[in-house]
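These are the structures, in structure tokens.
Two complexes, one shared chain (subunit A), two partners (subunit B, subunit C).
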Partner chain A sequence: MDSVGTMLKGVASLVSRVRKLDPGHLRLGTQAPQSLAAQLDNQVSFESPRAISCTNENDPAKHEEKHEGLHYNLPLQDVKTVFPHGLPPRYAMQMKTFNEACLMVRKPALELLHYLKNTNFAHPAIRYVLYGEKGTGKTLSLCHIIHFCAKQDWLILHIPDAHLWVKNCRDLLQSTYNKQRFDQPLEASVWLKNFKTTNERFLSQIKIQEKYVWNKRESIEKGSSLGEVVEQGITRVRNATDAVGIVLKELKRQSSLGIFRLLVAVDGVNALWGRTTLKREDKSPIAPEELALIHNLRKMVRNDWNGGAIVLTLSQTGSLFKPRNACLPQELLGKEGFDALDPFIPIQVANYSPKEFESCIQYYMENSWLQHEKAHTEEGKKELLFLSNGNPGQLERLCAYL
Partner chain B sequence: MMMKGGNKVLARSLMTQTLEAVKRKQFEKFHAAASEEQANIERNPYTIFHQALKNCEPVIGLAPILKGGRFYQVPVPLSDRRRRFLAMKWMITECREKKHRRMLMPEKLSKELLEAFHNQGPVVKRKHDLHKMAEANRALAHYRWW
Partner chain C sequence: MPLNILRLKHVTVVTTKKNVKALRRETYTVDFIKKQIEEFNIGKRHLANMMGEDPETFTQEDIDRAIAYLFPSGLFEKRARPIMKHPEQIFPKQKAIQWGEDGRPFHYLFYTGKQSYYSLMHDAYGKILDIEKHKNQLQAKGLFSEKNKTIDLIGSRWLIKEELEEMLVEKLSDQDYRQFVRLMERLLQSGAAEEEFVQSFRRSVTVQSKKQPIEPVQRDAQGMAFSTSEGKRKSAKAEAVVYEHGSGRIKVNGIDYLLYFPVLQDREQLMFPFHFLDRLGKHDVTCTVSGGGRSAQAGAIRLAVARALCSFVTEEEVEWMRQAGLLTSDPRVRERKKPGQEGARRKFTWKKR
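Presenting the complex of A and B:
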């Protein structure tokens, strides 16, 4: 693969890093060095057309600069365990149509991978914030990172979209633990189910270190495993929010001990500090702090623990009461959020570079997704580039009906 | 005909969603089929669309002619554009009226287009009904003076 990879470098120069939230296409393209002559390009394109936009390197840990822009395959089994709830809906549709999950390796993710590989677990957890325009690939970059951490056997705490917790909630119960706060049983139980699918093997290993009392008759003793807390949350939906709170607290406490490494991945983290659309019975609005789930999540995102990393994504798409063109951390998080997250490493996710764009188009052509005759011509590609402006989300939507 | 109240944006987006739905359904079939049939499955949404509409065009139509105080349904040739118009109109009315309450237009339209492509489905049936009526009233054809 390496020799082919180098050969492809010339061809792969077109590989664009599109980490686009293309539904279903995460492509990892390997970029071959451009040093190869054009003749080799022609040869290569006949021998292994798939290799131009795809690479065989399926382990995110080994992705390097040279893989930039190429697509790598995620085994479907992994996808079911690692991402029960994390993929954007259009990407999930694409995955279903092509029967494969391919992700593109892009620079922001490579940068983050590099930082994660060199983290010092004795220091407090560092926060990384992925930001960028709408549709550039923040969520899929996050998914790439999560896959990497899953392969490295970290414990993954993935909240697919924090905005879902602050809007459209059917039942809000007053919390049993703290009278001022509100519980969201449905969202909490759904999240617990998905958490269980992702982290099966850790649940029996981690023991809780405190006694928790659910109600007069049920309590959980010190020393029992985290799996039991999760089960309790799933079966007794009323206590699901409290179960989530316990899980978060215990994980935070125990990650410093070094038994496991914790990755906190939150998509749409600006929901934690904005406003909610939920109202009490007397129609007065609820602030995010009054939701128990949000309160616990905020504690999780503070960097007063060590032994892991926190990767966050801002998102304007699901955000409430924010203008459409707001994409910078200051605008989306607001003063409160920005201060709370203050020392963080911002990573910008941009539109496709020409190489990544080419790679994306190549991937589509390999799967014969572009059926329109003119889409295969040079002018067609130029038109697509112009119409989408290199924006991964727009390109995906355009190609869907071509 | 898809457009209501001049909302071209909505009409356009409905059409693109329909084409996408058609394409995804065909891809599903393609992946599920064995390799011999894969060559027969058409995946280009545009060809499917054009072919489906062609299959729905009636060849002959009926016109009400007033003779001796009564209106007779007389079989009459249709021009090209009238045929295309009727095919599109039938397709759209079919999708608007005969669907389940919560089914969305792109979904229903894609289903009807695929059925029409294979010469099945309610729209093609309506075309056949029109042809049969025209055949039944063949005797009245001499009432036509053009």
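Presenting the complex of A and C:
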């Protein structure tokens, strides 16, 4: 205790450099700094911020209410495997700048974790819908859940943004499987690549239970691994959408068997039931049902399978033809979507509470992100709180200027 | 009843040949002015009789009211409406003829051109010399006591150039005026002897432009103390209700201010009154706003909030807010487009041929 204290005394004067060099020394457990801080009066301002805003608890499974408001570190290796495509772009930039991925533990995520830990896998999969104002942290909460499930060794089916599949698509092919529908080879192949990165170890374990015929020359036999289907989809871009369909169908069927647990995580689920901006060659609009990817995804999101959970996020930012202030499930999903998703558990993601806000500011200050002189003062913090009203997205954009 | 109450007598302007006499524009002779004053007084008595009031105690305000009643005018320009005032206020002050029949001027400084100005300067300097001589005598006698009776200069200002010109009935230049002010200040410094002389050249400035925004003091409803006020900016009208004890939440037309004003600039405008008074998280605001655009609505709410905050704040802070410009409504409005131009200021493209 004393040696650590003296070491801290010597180190505190070089806080910013030493922190980057060996974070292990300075990162104490959550309990210790309260007593230490009482002893070292002059170094309180340097040392306790790190302890106030960050925890050592890197396993999401162990996150509880006492960790609420604190950031935990995601190891970069995990990030590469679990989130090849899932992080929002601004957060990815922040990650690159700070050279570490820190996520805040917040109440909605904790609630969801609690439910997930207590799920009964014999029952049909429960749907959880995260909703809230723009910029409150729905996508990052989803990422928190995904990290937890990855640590728990679930199979993760993560669609980063369903809106990307209903707009700005370059080539639409008529589906080989079903003449009515359309294929999106590019999006499907990209998604398959990322799916492969996330779930490598499962691909060889799961065996498909049916024979699928790609075209006259190629087919896949029953009993071959899912990995082969994914490979086929990636190499033959034309059949990528069908590969995705096969993957989804097989996973749904087999998750009920209990070999693995399946987490379906879709961000921007209101895209599945809205309108698309895509048009046929004769300029007539396409309904979302006519896209094969969307059709399969809808089947996935129905709760007629068990052995896992479905976590969904609504998003107005990428949505098409929805007014800017729509944030409730009824408004964003529309009648059709709401009925399709009907028995779901809504979880609201709100703006930062004062404690969370404080913690966020401390985190930015530790990483020397706020360079303005006034940012450290109380008035500065009050100003930031007023201007952003506790909205995490707005706060992040504000701090980017400072 | 004399009919010439209201007619301004036009004297023929002597403009043909350029001689010294002709440079004076409209010469009203002293007799003429006297006659006008008599006629004015008679007319005043007649007017009083007409209105049924006592002619002895008929003041200028009564005259104005009577004229406005008898000759109602729909003209917008107030100076174009019928007036009846004492001839000294109507006819500009003229100098009497400055020289006698033999052509010799009366005043000894006539040939300087600005005789009254130079005589004033001469008198003032004479007074300074007198005071110094007096001081020297006292010092020589040893009776000089260092009583520095400084005249109280606060709340009064020197005459401005136009007022001095009017007093001396002479045109002055800027340098003349500056010299005059310097001389007066030197007179003040040398001693406090000539108080009345100096005070005749000072005007009081006690008219403070504070105190105009009188804010209604806080009212109570359901036990919560709050105050309401309105603000306008460029066709946007806002009414704000500021609660005294709150946590810094603001609702505009029932919507949270973060959603109503997605632009940072508007939120900064809202923050300004609170930030200025250091009361960022202490008040709750509910406001309604209509009209205008995004920026105008933000400005209107800011004004309304500042005015409402006045009732929770000390007078000194109200004065600071006024000086910061939080309490003045912005007079800038959209300028009208003129015919022959493309916009309010922009002209059509100029073509040489």
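Definition applied: the second predicted complex is superposed on the first by the 353 of 402 C-alpha atoms of A that agree within 3 Å, B and C clash if a C-alpha of one lies under 4 Å from a C-alpha of the other, contacts with A are read in each partner's own complex, and residues count from 1 in each chain.
Operating definition for what follows: a contact is a pair of C-beta atoms (placed from the backbone, for glycine too) under 8 Å apart; a residue touches a chain by one contact, two chains touch by 3 or more.
These numbers were taken from a predicted model, which means no experiment stands behind them.
*Asks:* A:L248 in the overlay: touching subunit B, subunit C, both, or neither? Say first, second, both or neither.
*Replies:* Neither partner.
*Asks:* Which partner does A:S368 reach: the first (subunit B), the second (subunit C), both, or neither?
*Replies:* A:S368 contacts subunit B only, not subunit C.
*Asks:* Under the stated touch criterion, name the partner, subunit B or subunit C, that contacts more residues in subunit A.
*Replies:* C
*Asks:* If you stack the two complexes on chain A, which partner ends up touching A:L186: first (subunit B), second (subunit C), both, or neither?
*Replies:* Touch status of A:L186: no partner.
*Asks:* May I ask you to decide whether A:A340 touches subunit B, subunit C, both, or neither, giving the answer as first, second, both or neither?
*Replies:* Neither subunit B nor subunit C is touched by A:A340.
*Asks:* In the overlay, answer first, second, both or neither for which of subunit B and subunit C A:E379 touches.
*Replies:* second
*Asks:* Let me test your reading of the model: by the given contact rule, A:A400 touches which partner, first (subunit B), second (subunit C), both or neither?
*Replies:* In the superposed model, A:A400 contacts subunit B only, not subunit C.
*Asks:* Considering only touches as defined above, state whether A:N99 meets subunit B (first), subunit C (second), both or neither.
*Replies:* After superposing on A, A:N99 lies in contact with subunit B but is clear of subunit C.
*Asks:* Across the two complexes, what residues of subunit A are contacted by subunit B and by subunit C?
*Replies:* none
*Asks:* Mind listing the subunit A positions that touch subunit C in their complex?
*Replies:* The touching residues are 133, 325, 379, 382-383, 385-389, 391, 394, 398.
*Asks:* Where on subunit A is subunit B touching in the complex?
*Replies:* Against subunit B, subunit A makes touches at 93, 97-99, 368, 371-372, 400-401.
*Asks:* Using the touch definition up top, name the residues of subunit B that touch subunit A in the complex.
*Replies:* Touch list, subunit B to subunit A: 16-17, 19-20, 23-24, 27-28, 31, 43-46.
*Asks:* Touching residues of subunit C toward subunit A in the complex: what are they?
*Replies:* 248, 255-259, 264, 267-268, 271, 274-275, 278, 280-281
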